[in-house]
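What follows is a set of structures for review.
Below are two complexes that have subunit A in common, paired first with subunit B and then with subunit C.
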Partner chain A sequence: MSLSTALNIAQSSLFNLSRQTSVVSNNISNAGNENYVRRSAALESMNPGVRFVSVRRHADVELFRSSIQSSANFEAQNTLHSHINGLKSSIIGANGELSVSSHLTAFHNALQVYSASPSDGLLGEAAVNSAKDLVRRLNDAANAIQSTRTSVDAEIGANVDRLNSLLSDFYEANKEITKGTIAGTDVSNALDRRDTLIKEISKIVPVSTIQRANNDLVLMSNGATLFETTPRDVTFTPQTAYGPSTVGNLVRIDGIPVDAGTGANTTAKGSLAALLQVRDTVTVDLQNQLDEVARGLIDTFAERDPSGGGLPALAGLFTYPGGPGVPAAGTVVQGLALTISVNSLFDPAQGGDPALLRDGGANGAGYIENTSGAASFADRLIRYNEALDAPIAFDATAGIGSSKSLVAFAADSLGWLEGYRASANEAAITKQALAVQLNEALISESGVNLDEEMSRLLDLENTFEASARLIRAVDQMLQDLLAAVR
Partner chain B sequence: MSLYNLMRTSVSGMNAQANRLSTVAENIANSDTVGYKRKSIAFSTLVVPGTKAQFNSGSVVTTVREAVALQGVLTYTASITDLAIDGSGFFVVHDSSGSPYLTRAGSFVPDSEGRLVNAAGFFLTGYSYANGIPSAVANGFEGLEIVSIDNTDLAATPTTFGEFVANLPEAADIVTGNLPSTNLATAEYTEKSSLVVYDNFGGRVVLDIYFSKTADNTWEVAVYDQADAAPDTSFPYASGPMVTETLAFDPANGRLDAASASSITLNVPDGEPVTIDMASMTQLATNFMVTSTEVNGNSPAFIQSVSIADDGILYASYDDGTLQPLYRIPLATVMSPDLLEGHSGNVYTQGTESGDIQIGFANDGDRGRIASGALEASNVDIADELTSMIQSQRSYTANSKVFQTGSDLMDVLVNLKR
Partner chain C sequence: MKISHVSTLSLSQSLRHSISRMQSEMASTQKMVATGRVDDSGLALGAGSSRLISLRGDQNRILAIIDTNHMAITRMSASQDAIGQVIVRAQDILESMASGMSQNTDPAIVVQSAKAALGDTLNVLNTSLHGDFIFSGINSDSRAVADYETGPAKAAFDAAFLGFFGFTKNDPAAELIDEPTMRTFLDTVVEPLFLGAGWNTNISAASDEGILSRITLSQTAVTSVSANESGFRKTVMATVIVSELFDGNLSANALNAVADKSTELSGEAVADLSELQGRTGLVEEQLDRANSRLQSQADLLEGYADSLEAIDPYEASTRLTSLLTQIETSYALTARIQQLSLMRFMV
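Let's look at the complex of A and B:
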């Protein structure tokens, strides 16, 4: 080995050291960045000397996969939970003060008080006013449900737009990576960016990846292709407004519809499936329950022929635009909660007479039960009170049983939403814990450890000094030689 | 006669040392020239006949030696087109008039026409891939052309081959309605995927691939052009299926039955027939899962950068991420590299004693590998040169002393007569 070779090796060592130091300094500057994956510089020994080969990126593929899966689960659960919470506060209120059930109980009480002293017109007025409160509450709750559906639908639209834009960003990042991999350049930054995009996408829809040649990735979502060479279209047409019978449009990924999640501890992965669940399942069930309460009220307070004759049952205190006929028993009538009202003939504010509640006859003389006109006639009121507590048939599609009393049904509806919210909340806490834990494991596995970087920097510093000293030594030797030439 | 002989001998010694000093001067001057090979002087005696009684001093003759075969140290640079040979081969280069030379000076850069030219103005040559995979002409320079990377070149390649590997869910329900192959609005399918292929102009064509279970272990594959799809529902497509095929699975292991079709062939509109290999498809009791998809071909793209592999193949990478070989750079060898005839610019031609030039590819025999992003430093060692310089200086002085002594003796002789 000659002196010139020694100089050349020392020089290439300095060249490599500067690049290794830049890798370390890049690591240090990204110490707090959770989307950054630690790199290290790989060297290859050559004869003679050392050659800088490449920058290696210490990504943990398996952990990353589990991490994005758990964050998709959590995102779905969290989306579901926050919407159920919103529904709860607008339909039940913080302590149940807004619930249909509590208003039904208030009406029940008012009716009982009235039945105790049926001659007191003021009590009759109070009972009718309480009925009006109940109806207003039903209307408000039904409206709240439909406006929730409208806003969830808009949110689905926003999610789909975001997904499409993330996929087009993904296209750019993926192109840069495949190009860089072929050209042999350092693509670590683009890989970081692509992984960040996968994290973002998996918050909306579940993602699985297939690695192809040159670091090219294919993204699949439950068997539907999201990205393969080019992004696939995710299509959705939002509805501008929702009524009780409006059916939301499907979200399609590459032509395949996205399935909604099921259950309070939702099977949905990603916010999109959770939003579809809120729009198409939870709110629809809730609407059906309210509609059943409304139908139960109309049915229970319908006027029937007191003589047992052939007169049809007709809507009494509670009526609806389809009245005065009574809706078929045991079958949900969509939108009834939205349109139910108190019959104006009973409403003193509209010139009606609350005493009709005691006497009957809103649908004509044939329906008058208190034929004698006695002020103390309470049979009818007492029967109403009993009917509220007696089991009647409900539509099973509302999801809370088919035979129970109206009061119990309303209470169960309240309990159903409360229970749904509680288990959604519980599941959200569990899934969050898992997501946070996996994310932290991922960061500690592939993130930057400052201690490690600092010690590496010290190593580099020592090597640099040694190389510099080597150059000085060779220089000294050559100078001695030159001094010999006279 | 011996005094004159003595003076002539010392003059030849001084000449020889002056010769040696010249090579030292050139070596030191070129100690940083890429691909420079050190020169040295070999001495030999020239004997003048004499008798037993009388010694007639002869003289020294010199021969220039060039250490062409001695490998220089590879130093690494940031330029991909800087090339070095780690072995005993030579690049074949052309001068501006087209005459071939050999060199190891590989500091090439692209000129205005994309030709790779080195510091001495010689152009790198290679075999082109324009007419398929090239092979080397062993004993001549035929077929070699100047390597030229034209960045304005647009290229597209149609797809001819693809591979699609997926698992079809064994437990899926049998499709009882209209199959996708009927192309009716009511068509039902079990699973769907899609794949991008390229037509002759490099345009992207998205294929919708439908899998429908028609009976136990039997699946229908139907492929449509996504461009023909109806909005939202996809069906019915504007034109019928591009291809339909039936895959039969072996109930014993869930793999494709030996008798089943294992690939589909379809004609891409404005493109080549594409064969999609489905031989690795499975039908197991899990979800629909695509595990691998590959297609060849690329969309129109400019050359983004070039890379040179150690076997001498120069690849162009296009801006859509694909890679195509453009040239293969050969390496030449001769039997005796040290006896090649040198010319200005670190280039050599075949010398009378060097043996014939033979051309082959890198990694063949002892030609060595091509290192991209590296240069071969000159094999001169300054310390070596300085020591031989001191030696020559001393020898020259000694020779001059001999001459002076001879001259003094002649003086004495001449002064014998007054």
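Let's look at the complex of A and C:
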């Protein structure tokens, strides 16, 4: 072994030190970046001395996969939960003050008070006004549901656009990685970026990855190909506005439609499936329930032939554009809650007479029950009052039973949404806990520990000092040798 | 090599997460302590929220029925009172007939007291409450009975007299009417005018049908008394025949028949009205019972609804205290851990 070899080794050590220092400083500067995976410089001993080989990236593939899965689950649940919360506050209100159920109770009470003093026209007016409040509430709730559907549809559109742009970013990152891997350069930064993109994509749709040669990745989502060498098209056409009968368009990934999630503890993974669930099932069920309440009101307050003769039942206090015929029993009429109104013949604000409620006859003389015009005729009002508590047939597709009273149906509709919200909330808490825990584990495993980097820096300083001393020693020895020769 | 690795970021992040979780929990616990109810009843009850809103709705309806029952109770006690006054009038007639016949009182005085009794009776029958005539049945917007003197009833009586006897009661010929003829006239001609169809054509606008009220969630009751009740008709007829016929040119024998009939009628009227008072009392009692039942039902519902939402205040406040301690510890820990860095020891 010659002195020049020793010098070379020391030199190469210095060179490696600078590379190692740069890795350490890179780690330190990214200590606060949760998408950064810590690196270490892997050294390989060679003769003579030490040669710098490569930068090792401490990625934990298994943990990463479970983390993105749990975050897809949480994202879906959270999306569902926040939309259910929104629906609750616009349809029920914080303490039920906006609910159709509480407005129905108020109307019921107004009827009771009117039935106790049928001769008091003001009480009749109060009952009709209360009916108008109820109808307005039904209209507003139905409108709120449709505007929720419209905004969810727009959100789906925004998600699809974002997904497409993420995929095209993914294409760039993936290309850089495969090229770099083939060329043998350090692709750690590009790998970080690609992993970050996968995290983002999995918040929208569930992602599974297939690793191919040269670090090339294929992205799949529930059997549909998201990315394979090039990004696949995710297509969707938003609707500009929603009505009760509007059917939203499908989201397709590479031609395969994305399925909506089901259940309050949703099966959806990723926000897209949860949004589809809100748009196509939750709001549609709610709308059906409101429509059934509206149909129940029209039916209960319809005018029937008081003599039991052959006159058909015709819409009374509550009517709708399809009136005066009464909608078929036990079948939901789409959009009825949106179009139900108080018959202007009863409405004093439109020149109508609330006493028609007491006497009947809005549809002609054949329907007058109080033929003598007696002022304190209460039979009809009492019958209406009791009809609100009597079971009637509802469409089972509304999801809350088929035979119950209108009052109970309206209360159950509220209970249905609250139950859905409570389960969605509980599931969101569980899924969030898992997602947070896994994310923490991932960050903990692949993140930077500053103390470790500092101690590594100390090591490097010492090595540097030793190498420098070695060079000085060799230099001294060479000088001594040369002096001896001189 | 190291066995496990922990990054600096995860250390600080987990602390942040737990602090924010505890803080949000504290906000809701604080609200629970302040209100004594769950923070968000929808989340706490879930699908059971329908029970809560049903209970509250039922409670509201029951309270509304209690209110409306109070109106019916007022109407019934006003009716009760009025019936009592009519009974007194009928008894007055009985008395004045008895004394009038025995002591040969001046017929003019008898007529005057009969007229006063008639006016009082009709007046009482037209009692109104909040603008409703309480004895009109369901026709509560019209006066129960018309005035006798100015209404069609007097004309009908005079016409009946003329039709039966062929002359008016002031005609000199009227003196010749004997007791049995007068009795026949009263039984066959005058009686239908008051106890028969004539009552509704000439005097009463009331309907036989009483006001129906829903007195509990499932029960209805008739909560008014009609002016068409037989007791009222008999009282009116007893006073009318006296005030009309004692006024005329009739013989003592004929007047005897009138007095007999009047005594008979007012006696029956007192009995009928007492029975009516009893019936009214029964309805009043029914309303009272319904109300106390409804009130206890409403209290029960209130209790149920409250218990659905209620929380244990002691548990909530101890939870709040322990949360406070936890958060404080967490703050102290965060500060300590943030200081824990190799940097501080490297100079």
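We adopt the following convention: the second predicted complex is superposed on the first by the 486 of 486 C-alpha atoms of A that agree within 3 Å, B and C clash if a C-alpha of one lies under 4 Å from a C-alpha of the other, contacts with A are read in each partner's own complex, and residues count from 1 in each chain.
We adopt the following convention: a residue touches a chain if its C-beta (ideal position, glycine included) is under 8 Å from a C-beta of that chain, and two chains touch if they have at least 3 such contacts.
Just so you know, these numbers come straight off a predicted model, no measurement behind them.
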item	value
Which superposed partner A:Gly330 touches (first subunit B, second subunit C, both, neither)	neither
Subunit B versus subunit C as contact partner of A:Leu481, first or second or both or neither	first
Partner chain in contact with A:Val448 - subunit B first, subunit C second, else both or neither	second
First (subunit B), second (subunit C), both or neither touched by A:Gly352	neither
Subunit B versus subunit C as contact partner of A:Ser12, first or second or both or neither	first
Partner chain in contact with A:Gly121 - subunit B first, subunit C second, else both or neither	neither
Superposition-derived comparison: subunit B or subunit C, residues of subunit A touched	C
Which superposed partner A:Arg212 touches (first subunit B, second subunit C, both, neither)	first
Subunit A residues contacted in one complex by subunit B, in the other by subunit C	none
Subunit C partner contacts - residues on subunit A that touch it in the complex	31-34, 38, 58, 88, 92, 95-96, 99, 101-102, 104-106, 108-109, 112-113, 115-117, 119-120, 372, 374-379, 382, 385-386, 389, 407-408, 411-416, 418-419, 421-423, 425, 436, 440-441, 443-452, 454-455, 458
Interface residues, subunit A side, partner subunit B - complex	2-5, 8-9, 11-12, 15, 46, 48-49, 51-52, 175, 178-179, 182-184, 208, 210, 212-214, 216, 218, 220, 222-225, 228-230, 232, 235, 250, 252, 254-256, 477-478, 481-482, 484-485
List of subunit B residues in touch with subunit A within their complex	31, 73-76, 191-196, 204, 206, 208, 226, 229, 231-234, 287-295, 304-305, 307, 315, 317, 319-323, 374, 377, 380-384, 386-387, 389-390, 393
Complex contacts: residues of subunit C adjacent to subunit A	5-10, 13-14, 17, 41-54, 56-57, 60-61, 64-65, 67-69, 71-72, 130-132, 136-142, 207, 209, 211-214, 217-218, 220, 224, 341-343, 346
